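Each of the two complexes below includes chain A, the first together with chain B, the second together with chain C.
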Partner chain A sequence: MTTTTLAGMEIELDDEGFIVDPERWTEAMAADLARHEGIDPLTDRHWQVVRFMRCEYEAKGSGPTVRVLGKTSGVSVKELYQLFPRGPAKIAAKIAGIPKPRGCI
Partner chain B sequence: MGDRIEKVSVIISKGSLEGIYPGLIMANGARAEGIEANLFFTFFGLDAIHKERFEHIKVATVGNPGMHMATMIGGLPGMSAIATRMLSKKMEAFDIPSIPEFVEMIADTGCGMFACKASVDLFGFTKVDFIDQVSDIITVGEFYERAAGGEIIFT
Partner chain C sequence: MKRIVILGGGTGGTLTANRLRRVLPADETSIVVVDQDDVHVYQPGLLFVPFGLTHPDDITRSRRRQLHRDIECRTSPVDRVDLDADTVHLADGATLPYDVLVVATGASLAPEETEGLTGPGWMEKVFTFYTPDGASALAERLTFFPGGRLVVNVVEMPIKCPVAPLEFCFLADWYFQELGIRDRVQLTYVTPLDGAFTKPVASAALGGMLEARGIELVTEFNTGSVDGEGGRLVSWDDREVPFDLAVVVPVHNGAAYVANSPGLGDELGFVPTDEHTLQSKARPNIFAIGDAAALPISKAGSVTHFEGEVLVENIQRFLAGRSLDASYDGHANCFIETGFQKAMLIDFNYETEPLPGHYPGRHGLPLLKESRLNHLGKLLFQSFYWHSLLPGHDLPGISSAMPAQGKDRPRADQKEARAS
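So, the complex of A and B:
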């Protein structure tokens, strides 16, 4: 567990860099989180995925996997990997301030 | 970070449903974690990328103790088709993609898809027999070159 400053707030991150308390996340933190993952700037296409992750999490309590994202977010699997080369569901979840999606497929 | 896996090469050598899915899941899961992945299809595993066959992959009902079925029952005509249909229905309920959909999705994740030259020659296949997502037909030596610096998973 580490503490970092995001958008001027002290935020706790777990060992993998996910925000521990999703309630504390604000959209202003996304750019900092993205930069940390090598994504700069955060484009509208990135935002579409990040906001979708956030909505899914708020509705269902967990973030979708890559397959579900590809089917329902309006961004294809191919483009998802172009936007988030280090793992779309995992990285978008991190930027959206939600826990890492769990799922084998 | 030093103990992180950066690259995997997954070999699929079997042509049954239960022989193909695990390798696909390993490769897809690697890409989801941002790990570089390659899939190498050999022997009966080639059916997973064969245009006419990949929609008809069946679960083995004979010689498969995991089915908990007497060998003679498993050997009855149509048994494999029935078991496959039942399992596929169950998998659909869990939102597990069919083999054709899964293979195509994995290619979209940027995973390399390769067919084994020795097996392709042995079965008399050519590149046109395989789905377009297959990047190349390669020798075992070329496979090792591609797999260099990563983990190799044989299924």
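So, the complex of A and C:
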């Protein structure tokens, strides 16, 4: 666990860089989180995915997988990988301040 | 007369129907099971088919014969469910009204969703052992495999029995050693996960076992397309893994009719279900069991078995207007065949990851450890499946809830060390 400053607030991150308490996330933190992942700037297309992830998490308690994102977010899987090259579901979840998608077990 | 309609006559549908029949009098409640065919495959046996250790005929029986005689069987694909009218429409035109509906139509494979997978090379250089036909064709191919790069790939989670592709790797290592050509075969396991398995302790153990056998592990590989002719898996982020023979576990969806039944399923056709009561989130009179349910636990026969007990209790409670029993804890266990007549056993639930120790108690089968005893357990399981699990008999000492005794829990300080 580490503490870092995001949008001027002290925020706790877990060992993989996910925000520990999703309640503390604000849209203002997304740009800082994205920069940590080498994504700068966050475009409208990025935001479409990030906001979608956030809604899904709030409705269902867990972020969607890449295949579900490709079917429902309005952004194709190919483009998702262009936007978040190192793994769209995981990276977008991190930027959206939600826990690592559970994947499936 | 109350009507219970069960969609799917596989593991979950069969054991639920038989258990319900025992507790609900036939003159008060009718039970109907619908399936698209009469071929019940013992799916865990498919793993052994490619290595010539069993044959599809030896793991297949009639579905109807597994059901109590006071259960009505219908053989037709389901076309759709009308949730507002409490009615199932079958593809043969029949309609079945219900008081309680159980969705037990499992998961279906969708190889066509991955570009190129069913294109040139399919069933020649690219196989799956998740179907009887695929497993048989692969058996023939392996007999004549001269050596080269054999790649085992999971396209995306969730899949049925997430340990089966790892077991395939272990058995392939054994098989080629027996044939005396292991030095000519390069084995690679390619997974979308960030390790050999999802849960940390088991992932480390299984990762170590791959390494010890000289099986290469490629992680975080999300297969975008399969080039059968050129012999390449290509990921969405343009990485490539070359192969001479690929064994692919295709993506899984829920049954096709779910998408035809507004309000029943999620984007992939699985049914959102309460984790502890197994009541669907769609309607109070709809329940789901087994692979068809969208739950945060493995899609496995053992899960289906443990869910059955809670489901049957809750259907009775629902019919009697009583509150439901929220006691399903996500209990799962899997035998992992590791080759050379040995196997490993893992036991876990929603809260507890697979840990070392013994199951179901201190003097039981060793957990997270290879042993001959576990291999015998895996082999005996087939007989248990037909004679106890499907008829719905309880086994002494084996309960739906995960046993806490017998497990070696990491001390807090070790947990910290592992996490960092």
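Rule of thumb we're sticking to: the second predicted complex is superposed on the first by the 103 of 105 C-alpha atoms of A that agree within 3 Å, B and C clash if a C-alpha of one lies under 4 Å from a C-alpha of the other, contacts with A are read in each partner's own complex, and residues count from 1 in each chain.
We take it that a residue touches a chain if its C-beta (ideal position, glycine included) is under 8 Å from a C-beta of that chain, and two chains touch if they have at least 3 such contacts.
Predicted model only: the values in this text are computed from it and were never measured.
Asker: Check the residue A:Ala59 against both partner chains and state whether it touches chain B (first), chain C (second), both, or neither.
Answerer: neither
Asker: Which partner chains sit in contact with A:Ile91 here, chain B, chain C, both or neither? Use first/second/both/neither.
Answerer: First partner only, chain B.
Asker: For A:Asp15 in the superposed arrangement: first (chain B), second (chain C), both or neither?
Answerer: In the superposed model, A:Asp15 contacts chain C only, not chain B.
Asker: Determine, under the contact definition given at the top, whether A:Ser76 touches first (chain B), second (chain C), both, or neither.
Answerer: So A:Ser76 only meets chain B here.
Asker: In the superposed arrangement, which partner chain does A:Arg67 touch: chain B (first), chain C (second), both, or neither?
Answerer: both
Asker: Which chain A residues are contacted by chain C in one complex and by chain B in the other?
Answerer: Residues 65-68, 77-78, 81, 85-87, 104-105, which sit in both footprints.
Asker: Could you pull out which chain C residues touch chain A in their complex?
Answerer: Contacts found on chain C: 156-159, 162, 192-193, 198-199, 220, 222, 224, 236-237, 251, 266-268, 296-299, 332, 419-420.
Asker: Could you pull out which chain B residues touch chain A in their complex?
Answerer: 25, 28-29, 31-34, 95-97, 102, 105, 108-110
Asker: So in the complex, which bits of chain A are touching chain B?
Answerer: Per the stated touch rule, the residues are 65-68, 70, 76-78, 81, 85-91, 104-105.
Asker: Within their complex, state which residues of chain A touch chain C.
Answerer: That would be residues 15, 62, 64-68, 71-72, 77-78, 80-81, 85-87, 102-105 of chain A.
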